[in-house]
Structures are given as C-alpha cells and as structure tokens.
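Both complexes below contain chain A, partnered by chain B and then by chain C.
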Partner chain A sequence: MYTELNSILSSTPDSFTQGEFILVSDRQSDASFLIHHFLSFYLRARCRVCFLGLVQSFSHYNAVSQRLGVSLAQAKEKGQLIFLEGLTESLSFLIPQETSTESQAMDFLRDPTVSLRHLYEFIRTSVSSSGGGGEGGAEEWGPPVLMVDDLSVLLSLGVSTGAVLDFSHYCHATVCSQLQGNMVMLVRCSEEEEVDDGDDEGSERLLRGLTHRCSLTLHVQGLPTGYCRDIHGQVEVCWRRRQGDAQNTQRKLFQYKVNDKGASFFARGTSSAVL
Partner chain B sequence: MAAPVNSVVKVLPEGSAVSITSFQRKTRGRLISIPGTRPSVQNGQLLVSTGVTSLDFLLGGGLAVGTVLLVEEDRYDSYSRMILKYFLAEGVVCRHELFVAAAQDNPDDILQELPAPILDDVAIHKPAEQPRLSCEPQNSLDAMKIAWRYQNLPKVQSALASSSRFGHYYDVSKTMEPEIRQAAKCHRFYLPEHPTQTSPIHSPMLESYSLLLKSLQEVIQREGFGVAGPMLKSRNILRIGLHSLGSALWGDDLSYHDNPKYRHALTTFLYGLRALLRSSLSVAVVTVPSHLIQDRALMGSITRLCDNAIALESFKGSERETNPLYKDYHGLLHVRQVPHLNCLASQLPDHKDLAFKLKRKQFSIERLHLPPDLSETVSRVSRGELAGRATVASACGSSTSGNKHLDF
Partner chain C sequence: MLSELLQGADTGGFLIIQDSTNCSGQHLLTSFISAVLNRDEFVHVLGFEISEEELRDGLKGSPTQRLHFHNGFTDPLGWTNHPAFTVHQFNLEELTHIVKQTSQLKPATLIINSLSWILRHVSPSAVCKTLQQLKKGGAVRTIIGLLHADMHQKGTVGSVCHLASSVITVAPGMKADEAVAKITKRSKSGKVMQDEEIFNIKEDLTVIVQSKPSQTGSKQPDPEEQEMDPTANLTFNLRLSDTEREAKEKLALPFMFSKEKKTALLHSSPGSGRILYEPDANDDYDQEDPDDDLDV
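This part shows the complex of A and B:
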C-alpha cells in the first residue's frame, strides 16, 4: 500500500468507495506494482479478497506483500483471501493426465472456444460465500473484492476477446452491483499503439471495452521521451464519476518511481533526479 | 535487510509446502547450496550463470532459477545460437543436467558445438571431479611448476577463485572436449524422432509443443527436480535449452501466415513452461525467430510470458555493417524485459544502448555509448560551478556568462 497513491485517489483502508471497478492497464511498462498496492490495500481494509493470480506464483505475491507489511499466507488461513493460482491449476489441463481431481475453474484451457463460465462460477461461489470458511463466524469481513492479474493472459491462452469481455461483465454485475464490492483488473497491452483498425481482436479491444465500463482507470506508460533509470514511467489516473445525469471525467498525470518497499508518485518533471 | 525477511520466512507455516516454488529466499538457498548457483544480492533468489559474464551482469547477476530467458534471434541465428551454447556449456562445467530440444538440428549436433572452457577452469574441475581422464596427466606434466612446495595447495586456492567468480570463460574458437561433455547428463528432444499425430480435440496447443511439455514434465518428475517432491540429499539444476521455437519446423505457422491458425500455440506453451519451471529447480533459455513474426502484438504477449527477454540485432547483411559508428561491434542488443520476481523494484539496467561483439575467443556485451548523467546521486551544484569555472577560464565573454542566470 502506497500512501502517496492513497492520497491521490483520496481513499484510505478505513473509507473507500464501494462498488467501484478499477482498471489498471499498462503499455511499455509494468503496472503490476499497482496490483500489489491494491492487494495490500484491500487486505488492510478487512475486505474479503478473491485473487486470480494467473501470471505469477503464490510465493511471488506473498514475498512482495511481506515487504508491504501484509502476510498473504495468514490472510489465506483466516479465510480472508481466496487465491487461485493459475499456473499450478493450468498444468493438469496443458499436460493431460489420467488422474484429474482438479477444480474446473481453468477448464477453458482444454477448449478455449467454450466460455469462461467455470471461472466465473468459481468467483461467484468464493465471493458470495460470506465467511463460510471461518467456523462460528469468528471473523467478519467487509465487502468482497475481486482482483485479476492479469486479464490479457487469457487472450494469450486462446480465449476470444468477446468471451473475456462477457466474463468481466458478469463479474462486474455480481461483485460491484449486486454485492457492492470492488473489482480491480489488470490489462497489459502490446508495445506500440495499434493504428490499423482492421485487426480489431486482441488486448486493444479488451482495453477499450473495459475502459468503457470502469469507474477509475490507472494507465501506466513508459516515459514518452525514452528510458530513464530514475523515473520508471507515468501513470494517468482518470476518474469517471456519475453525478446525477452529468458524467464528469477528471484526469491527472503523475510520474512514478518504484523502489524496494513502495512507490513514489510526483508531478511531471519534479523527480529528484532532475531538480 | 536480510534479517526481517528471514524472520518472516520462518513464520510461514509448514503446511504450505505445496505452494512453495523454486524462488528461494536467501535462507533456503544457503541450505541447498548447489554447485554453480549463488543467491542474488538483491532479493535472495537462487541464480545461475548464463555462461556469458557480461550477460549475467546485465540480468542483475544471473538467471534466477525457475525463470525463462527469451532470446530473440538475429537474422541468421548465429549469435543467438551462441548464447544458447554458452548457457549449455556452463551447465556442463557446473555439472548441471541439460535438456536440449530442437526441431531443426539434432540436439547432439548442438551439444557437439559447445565452446571449450578456458584452461584454468578445466584445471579446476578435472583434478577435483574427473581424475580418470586420460589427457589430464599430460596436462599436469606440461604445466610449469613455480614451486613444488605448493603442489598440494592449489585445490584450496582454485576453490576460492571459483567461488569469487561466477560463471566461467569459454573459448568459442574451440569445441569442448568430448570427455567433459559426456560427463554431463543430458536429455534430448528431437522433434522428428517424436511422431506427431493430429489430435482430434480442439486444443489451442500444437501437438509438438504438448509433446515437448510432456517430456519436460517427465524429466522433471523422474530426476527429482520438482520442489514439491521428496527432498533428495543432493539437488541439482536442470538447464533447458529450446532452440527456435515458433519456427515452421515446429509445425507453427506464426512465421509465415498473416493470420495464423495456431496463433495461441506458442503463448500457451510458454505459459505451461512457466508453470513447470516455477515449481522445479530448472531454468530455461528459449530462442525465437522474432524477425519472422510480423505481428508485433503477438510478439509482445510472447515476451510478457517470459521473465527475461533480450533481442539480438546483428549487423550482418544490413547497411549498418559499414557504418563507422558500429565498426567495433557485431550487433545491437535490446533488453526487452527484466524480471519482477519476489520484489517490487526490478533490477533495471543503467541504460539500454547496448551492443555485442564476438572477439576472437569470446562473446561479450558492451555499452554502445555512455548515457547522460542524470542520476539522483549526481550533485548538481558542483556541475554548475564547473560550468561557471569553465566560462571564466575560456573567458569568452558575455554570451556564455548568460548561462549563469539560468541556474537556480
């Protein structure tokens, strides 16, 4: 959890907006540091978190969260965190074996033309079961949070963009609208912006479709002027608030630097390296 | 920094043994202590050398065990193949096990071309671990003796030398002696030897890739490289070299179709490969002929599914060969991706203008030119003073002294 980002987004673990869909995207840079921020943020806010870790192993997320002061292993034991480790789940589908006792959540790997229905079923049961793991209701958790890291890997695994958009719509309806929880999704785009409109399939289309639905976007980019060791890139924060009938959009641009135990955000051109 | 991390690691319950992957924290890395590995100074991961010392430096000390290095091939696949051979040769010298897969050349041919380790390294390894070699006594006879009294000491000294230096040096003009090569245990996967039948199931994966993945998993399970498996008394590293994935010979149509039928075959394979490596003591180098793949978005998703990615751009056959700027080099090296593993901040290279050259005996990566000095550590004041002093010294009047007003 980065306090600077909290003050930018004007949210604290004690008070944050519910029913929000936060989209994190990146281009020519790595936005996964924001995923770690939101993971530790919601765990501290005592939310019940369902995390789809599709690209990294659990120990990776755990090691990073240790540095941010949150223990994933403990949260998992307490039933606060439900972690789906995509890498270990996928192996039994990619290498067919005789004994298959695994869950059905990743079964789109066997045949990607089928929808992501089982993955959604997994999310729905884990999100809506309110404290089923804790015996006697020892701990009461706040609103549910769904986090996905990252959504675009589903496209690499052969799922069509339409299916991923459907999936995210279902999740949005269940988590944000029905249960008044929050949702954080990461989409990673290819290096350069696609200018040709003929090939409309892929992460660009996914990004556009999700941007249309979300309430807050954090778009991470590399510096337009090129690589720099001391400024890792820029984040464009864009709020879309619906107040009454009018929809007002607000944009802010920050540069950031990730360090060992957090990240610092500053206005453009005010890095300590150039001042 | 290490102390809090260690204490936190101990807190972890023992029941989570299944979810433990190959990213070793510093403590566990010391416990295992496999030859040819060392813990990273930055985040305590277990590292192995790529065999190219300058590439190790570029990757932040070496390749982390459990990760994939993607090498985008140069146009004639000469230098990327060399990096692959370096990686395998380092495995032979460090007594790691190898897994070589290829569709074009027989893996045995690749193994026969491994570069020879430079002599002092051979002298370290031969007496200690291979006393029965026939050529060894002659070498020791020929070697000049400085003082006979120290005859029994070199073992200790050489061990120190090898521990302080990570990786070995190789002579690419010679090939490795067959005795050394055959001492290493090597698993081969040559695609033409594995009959592929078209599968009736609608699978995103090509048959060739799933065969490769299956045989990799078999090797990892059989030889005990899995982290979750029973702890053997001696653990070893499996080095996986996969040559020219995505080329037409693997049955892939990425390289010659605008709209490939198996668009997701390679990315799905790489996802499976990552899943295998994360739960085992193995490390992979994959070369991909990226110049054949026109779709940059696809190449981007291939890159993101590997942990490290570098691209080689050879000057061979391009007009840059005659450019005086590049006269000392054989090509450019682009760092496409650096890993974010077990840590928030990744080890970023100082700058990205890098070039490689093949010296007479050695492949090395150098910086093409120095970057502008814009780091936080540089003191701006002194530079301003220097500039002011320079204007005074040159005494070229009011035009340059105007700069002083810009200082704030």
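This part shows the complex of A and C:
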C-alpha cells in the first residue's frame, strides 16, 4: 500500500468509496505495482477480496505483498482472501487428475466461444458467501472486492472482447451495484498507439468499453521521452464520476518511481533527481 | 438548439446522444429524462448500463412516479435464470408490450441506455429495423438513445445515426464543468440544421447553454496557445508611459544635427582660436593626389 497514492485518491483503508469500479491500464509500461497496492490496501481495509490471478503464481503475489507488509497466506487461511490461481487452475483443468476437484471456472479454455459464465459464477459464489463463513468463529469482513490481474490474458486465451465485456458487466452489476463492493481490473494495451478502426477485437476496444463503465481510471505509461533511471513512468488518474459541479472527467498526471518497498508519486518535472 | 431538443417539440422523434471515452453522455441523458418527467410524460428506461437505484438517485428532485425502469442491468443475458429484461427482448413486439402495459393512453418516451450494449449482442440491421418500426409504431412518442461511438465500427454508427432525427455529439469543453454539444437536426421537411453549443449541467439536472461558438468554427484559442505569449513575463518594460515618451522625444542624440549645432560648428564665435595654415616649400601639395604623403 502506497500512502502517497492514497492521498492522491483521497482514500484510506478506514474510509474509502464503496461501489467503485477502478480500471488500471498500462501501455509500454507495467502497472502491476498498482495491483499490489490495491491488494494490500483492501486486505488492510478488512475487505473480503476475491483475486483472479491469471498472470503470476500465488507465491509471486505473496512475496510482493510480504514486502508491502501483508501476508496473503494468512489472509487466505482466515478466509479473507479467495485466490484463483489461473496458472495451476488451467493446468489441472486441461490435464485432469483424479484427486483434484475440477472446477468449472476455467471451462472457457476448452471452448473459447462460450461465455465466461462459469468464471462469473465462481466469483459470485465467492463474493456473496461472505456473510456465513464455513469455519467456526469466522471473522466479519467488510464489503467484497474483486480484483483481476489481468483481463487481457483472457483475450490471449481466445475469448472475444465482447465476452470479456459481458463478464465484466456481470461482475460490475454484482460486486459494485448489488453488494456495494469495489472492483479493480487491469488491462494491458498493445504496444502500438491505435490500430485502425476496423479492428473489431483487441485490448483497445476492451479498454474503451471498460472506460465507459468505470468510475476511476489509472493509466500507466512509459515516459514519452524514453527510459529514465529516476522516473519509471507516468500515471494518469482520471475520475469519471460526477463530483459536485464538474460533470466532465477530472484528470491529473503524475510521474512515479517504484522503490523496493513502495512507490513515490510526484507532479511532472518535480522528481528529486531533477530538482 | 439544445434547449429546444430538451423541450421535445416534435413527436415521433429519435434522438441519439453520442459520446466517447473522453466525455460521457450519461449526465446529459439523465437531464433529458428529467426534462421529460417534468413535462408529466411517461418514461420507459431500458437500463443496461446503469442500475435502477443509481438512476433514481440521479433523478432526485424530479417526479419519478411516471418512470418505469426495465432492468437489463443485473442480468441482461439470462445467466442467473431469473432475468428481468434481456437484450434479446429488444424487438418490436416485446417493447410495444412493455410500454403499453403501463401507459395505455399517452404515448411514452423510450430511453435506451445504451444502444451500444444492444449493438454488441444484436446485429445492427436488426437493431435498425426495430428502431424504425418503433418510430412508426405509435406506441412510443420519442426514443432517446445513448451511443458510445468509439465502441463500434464507423459503418454501424453511421447507419444507426441515419435513422435518428437528431444527433447530439458531446465532446469535452475548455473548462472542467463544460461540454460541447454538436447537434445535427433533421426536420420533417428534410432540412438539416447543424449547430454547436457549449453547455453545462447543474446539480438539479437543468442544462445551461452557455454560448454559441461562431458558425465559422473559429474556436477559442487553446489555453496552451495563450500561455505561449512571449511578452507575458518579461523582466523589463516593453511599453512607455506618456511622460516617458515625452522625455524620450526631447532627448537629442549625439549624431543628430540641429541648426544650432551646425552654426556653432561653421561660424565660430569671435575671440576663439583659429587655425591658419600656410604651406611652406616642403609641403608638396599635389592637387591631383591629396593623399600622396600617405604611405599607401
């Protein structure tokens, strides 16, 4: 959890807006540090988190979170974190073993033309079962949070953009609207700025479709001037929800540097290496 | 022209609000709903992108008893087995049925939020056909639809917009609370009018049209361009005050030849010294070559 980012977004683990859909995207850069931020943020906020880790293994996320002061393994044991490890899950789905209980969540792998309905149903049952808690003396958790790292992997696996948009619509309706929880999704854009209009499928269209629906976007880009040792890139924060009289989107641009145990955000040109 | 459209003068109209990721048309659509509700007309909302609570929350202050929400938000594809309204119900029979159910006498206004959602699941030709039938059908007085133009191919956007009697394209304005609306309106006689207006939406959803940018399209200079004025932050003064100018004009510069200076130089005053020169024999003065003595 990066406190500087918290003050930019004016949220703390004790008080944050509920029902928000946060879209994290990157182009020619890596936005996964924001995913780690939000993961540790919501775990500290005592939310029940459902994490769809399609890119890395659980131990990777655990190792990074440990540095940020949150133990994923503990959270998982307590039932606070529900972690769908896409890598092992898909392997056990494609090479079924007798011992493993096969879940339907990844069934789009067999036939990418089907919708992501089973994946959604997995999420719905895991986020809405928060009240009861199977184990005795289960702790009470806050509003549910769904995190996806990242949606573009689904595109690479052959799922159409429309199907991913439908999936995120259902997640939005269930998590943000019905349960008043939050949702964080990461989308990676292709390296090229913009493909031609005729290109129907692709991460650009996915990003546009999700941007229309979200309440906050964090877009991470590399520096337009190229590589720099002291500034890792810039992040554009954009509030899309109506705030007071400002009906349009409100944008702010920051440059950032990711450190070992945190990240610093500063206004353009005010890096400590420059001043 | 925007306020005319909000008043909803003509029946049988089909209005499209086109937006992009830069500027959302959702608020303008809510303003339109509020304007229709304030005229005591029935409103049917096909809501795919916004939940009923969120819509009613946004419409606080407007009379919502004539608002009928058809929930396509929670389950638009029938994944959870009890869908309220699915995207596949978007056809003439179903729509006429649900509209007639509640407002028997007066034709109602149909709000589609959004057309993009439907176009993702129903073929464009089927959508156009349904829209055309609805326009002619009589059950619906006006259709207002939101369309995310950057989500579709240009051809699809074009063919849907051809059906519309008015198209409002919203774009971000200069200031944070302003937006620009480009309006194309086709009247029944076939005349096409185009206009561009800057508007903002107040807390109570009333639309304030601020000004009309001139027809020639001379836009206000970009804020960046204004900042580029090189004389803005100089450390010295570029302009003169009147007294400064007077003083400057009074000053005689050394190279300027006034009359006094000339006479002073030519006619020396009596009593001052004069130089008399009488060439002696050594002075070999050659009229032809006065510079003979110089070693050139």
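Here is the rule we go by: the second predicted complex is superposed on the first by the 253 of 275 C-alpha atoms of A that agree within 3 Å, B and C clash if a C-alpha of one lies under 4 Å from a C-alpha of the other, contacts with A are read in each partner's own complex, and residues count from 1 in each chain.
Quick note on the criterion: a residue touches a chain if its C-beta (ideal position, glycine included) is under 8 Å from a C-beta of that chain, and two chains touch if they have at least 3 such contacts.
This one's a predicted model, so the numbers in the text were calculated from it and none came from an experiment.
Novice: Look at where chain B and chain C land on chain A after superposing the complexes, then choose clash or fit.
Specialist: Aligned through their shared chain, the two binders fit side by side on chain A.
Novice: Between chain C and chain B, which one touches more residues of chain A when both complexes sit on the common chain A?
Specialist: Touching more residues of chain A than the other partner does is B.
Novice: Check the residue A:85 against both partner chains and state whether it touches chain B (first), chain C (second), both, or neither.
Specialist: first
Novice: After lining up the shared chain so the two structures overlap, which partner does A:173 touch, if you call chain B first and chain C second: first, second, both or neither?
Specialist: In the superposition, A:173 contacts chain C only.
Novice: If we overlay the two complexes on their shared chain A, which of chain B and chain C does A:205 touch? Say first, second, both or neither.
Specialist: A:205 sits against chain C, while chain B stays out of touch.
Novice: With the two structures laid over each other on chain A, which partner does A:252 touch: chain B (first), chain C (second), both, or neither?
Specialist: A:252: touches no partner chain.
Novice: Once the two structures are placed together by chain A, how many degrees is the angle at chain A between chain B and chain C, based on Cα centres and rounded to a multiple of 10?
Specialist: 110
Novice: Of the partners chain B and chain C, which touch A:63 in the superposed model: first, second, both, neither?
Specialist: Only chain B is touched by A:63; chain C is not.
Novice: Touch check for A:268: first (chain B), second (chain C), both, or neither?
Specialist: Neither: A:268 stays clear of chain B and chain C.
Novice: What is the contact status of A:73 with respect to chain B (first) and chain C (second): first, second, both, or neither?
Specialist: first
Novice: Using only C-alpha atoms, work out how near chain B sits to chain C after the chain A superposition, in angstrom.
Specialist: Closest C-alpha pair between chain B and chain C: 14 Å.
Novice: Would you tell me the residues on chain A in contact with chain B in one complex that are also in contact with chain C in the other?
Specialist: none
Novice: Show me the residue ranges of chain B that touch chain A in the complex, using the header's touch definition.
Specialist: Of all residues in chain B, those touching chain A are 5, 8, 11-13, 16, 19-21, 23, 25, 43, 201-205, 210, 213-214, 217, 263-264, 267-268, 271-272, 274-276, 278-279, 296-297, 299-301, 304-305, 340-346, 348, 350-352, 374-376.
Novice: Give every residue of chain A touching chain C within the complex, in rising order.
Specialist: Against chain C, chain A makes touches at 115, 117, 120-121, 162, 165-166, 169-170, 173-174, 177-178, 197-198, 200, 205, 208-209, 211-213, 240, 242, 245-250.
Novice: Of all residues in chain C, which touch chain A in the complex?
Specialist: Residues of chain C touching chain A: 21-24, 27, 49, 51, 53-54, 73-77, 79, 116, 120-121, 148, 150-151, 153-154, 172-173, 176-179, 200-203.
Novice: Considering the complex alone, what residue numbers of chain A touch chain B?
Specialist: Residues 30, 32-33, 36, 55, 57-60, 63-64, 66-68, 71, 73, 77, 85, 87-88, 90-91, 94-95, 109-113, 152-153, 155-158, 188-192, 194, 202-204, 227-230, 232, 258-263, 272-274 of chain A touch chain B in their complex.
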